[in-house]
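Below are two complexes that have chain A in common, paired first with chain B and then with chain C.
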Partner chain A sequence: MAERPEDLNLPNAVITRIIKEALPDGVNISKEARSAISRAASVFVLYATSCANNFAMKGKRKTLNAGDVLSAMEEMEFQRFVAPLKESLEVYRREQKGKKEARKDKDKKTDSEEQDKSREEDNDDDDERMEEEEQNDEEEVDN
Partner chain B sequence: PGPARLARLPLARVKALVKADPDVTLASQEAVFVLARATELFVETIAKDAYVYAQQGKRKTLQRKDLDNAIEAIDEFAFLE
Partner chain C sequence: AEMAAARLSGTENRLVSLPLSRIRVIMKSSPEVSSINQDALFLTAKATELFVQYLATYSYKHGRGKEKNALTYTDLSHTAEECETFQFLADILPKKILASKYLKMLEKEKRDGEVREDDDEGEEEEDEDE
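Moving on, here comes the complex of A and B:
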């Protein structure tokens, strides 16, 4: 059962927390405003994805990568996001590397949890597990 | 610590949105992560921009109309119109 994009929302609690931390102490947010921001965030993801996918296709790649997302940010006039995103990505990569090392040690015994790969079959909604591509380690961020 | 923090938005939900695009074949886990972080930055940005209007109205509660005003006034938010 494919979900309609409008149905795909982000968790209210997380959105609210991000908003509150961005605003000064003592500032509140109405439910309607919070809802509107949450919807805007979903639209942002959809638009950024589409934009990023154009870069992937331009590069004749079938896999959308981190660099494509960064290119999309520039295209969408959110250049100021690029530097902090690159920093976050570095931290994320180090973390993932650390996890991988830990898994290699466990690899002796058969683990029910598979090696993470990020693969998508068309609209395979059953596959909710986050997966990691082997080639991510070699992937360069172009921007 | 600082700006380089890991995502608070659950990656699975972000991934679900990515999968909603029929033109997308595959997305790396890193791409989903960067999208999640970018979305968080976007939420922070739009909240702050909207708050300017609440301040103008001498209010301490951000309201829907503050969002609408920010979206109308700011070029980067044109995609939301």
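Moving on, here comes the complex of A and C:
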């Protein structure tokens, strides 16, 4: 399946913002420079993916995992990224865990409320809850 | 170390600014990749942000654009050529040359090719300018 060219590009506004925040205030970034950095970023993703995939294959796995990406960074001579990436990953995992628990709490709350209602209404709520759980699964599993 | 402290929260205090969905599209365009776990997707997005920051700051620091308080394409292309870490970008960030120089290069290549052939036919080509 062919991707349209723009699908492999990253959003200009976000790229520009990242560049601006990295450079001293007031530095002008030419449109050409911005476009070049955006292309470079896409190439970086491809290179990193390919490299990470090699590590996954070495480990006889079909799914790229966090370790593969970190190994790729070292391989690509971006060791300087490894420490900040590990820190960010911890925060990200805590966030994801928090979200998951928030969903479970919400479900528990719905449960206890259900017990007060009549059986007919209980059935409807059960259906709703099942839909939510299916959504949760989709979010976590990659296709 | 200073990168970690300053950039951990990303732009606007978000953990990552680049959209994971778009990063995933690019990653999946590689035919040999089957699936990507969520942590790997996040790390790739975050690494790309760090990369953008690094490429921009390195190029600015080592380039001439800052003489005019700017980051230019030439600064970037210079980085790709001079810095080993960024050499994988050399093909997509080629040095710019003047069109007239490029045309002369083509002319020269063409002439070099013709010299190897039969001289009998030889029509002399003259340079237009110079």
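We adopt the following convention: the second predicted complex is superposed on the first by the 101 of 143 C-alpha atoms of A that agree within 3 Å, B and C clash if a C-alpha of one lies under 4 Å from a C-alpha of the other, contacts with A are read in each partner's own complex, and residues count from 1 in each chain.
Following the convention adopted for this analysis, contacts are C-beta pairs under 8 Å (C-beta built on N, C-alpha and C of every residue); 3 or more make two chains touch, one makes a residue touch a chain.
Values in this document were obtained by computation on a predicted structure and should not be read as measured data.
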**OP:** In the overlay, answer first, second, both or neither for which of chain B and chain C A:K100 touches.
**Re:** neither
Original post:
Just chain B (first), just chain C (second), both, or neither: which does A:Y47 touch?
Top reply: both
**OP:** Would you check which partner chain A:E90 touches, where first means chain B only, second means chain C only, and both and neither mean what they say?
**Re:** first
Original post:
Intersection of chain A residues contacting chain B with those contacting chain C?
Top reply: 3, 8, 10-11, 14-15, 17-19, 21-23, 26-30, 32-33, 36-37, 40-50, 52-53, 62-66, 68-70, 73, 76-78, 81, 84-85, 87-89, 91-93, 95-96
Original post:
In their complex, what parts of chain C are in touch with chain A?
Top reply: 1, 3-4, 7-8, 11, 15-19, 22-23, 25-27, 29-30, 32-44, 46-57, 60, 65-66, 68-73, 75-77, 84-85, 88-89, 92-93
Subject >> chain A-facing residues of chain B, complex >> reply: 2-21, 23-35, 37-48, 50-51, 54, 60-64, 66-68, 71, 75-77, 79-80
Original post:
For the complex, which residues does chain A have touching chain B?
Top reply: 2-5, 8, 10-11, 14-15, 17-19, 21-23, 26-30, 32-33, 36-37, 40-50, 52-53, 57, 62-66, 68-70, 73, 76-78, 81, 84-85, 87-93, 95-96, 116, 118-120, 122-123, 125, 128, 130-133, 136, 139
Original post:
In the complex formed with chain C, which residues of chain A make contact?
Top reply: 3, 7-8, 10-11, 14-15, 17-19, 21-23, 26-30, 32-33, 36-37, 39-50, 52-53, 62-66, 68-70, 73, 76-78, 80-81, 83-85, 87-89, 91-93, 95-96, 140, 142-143
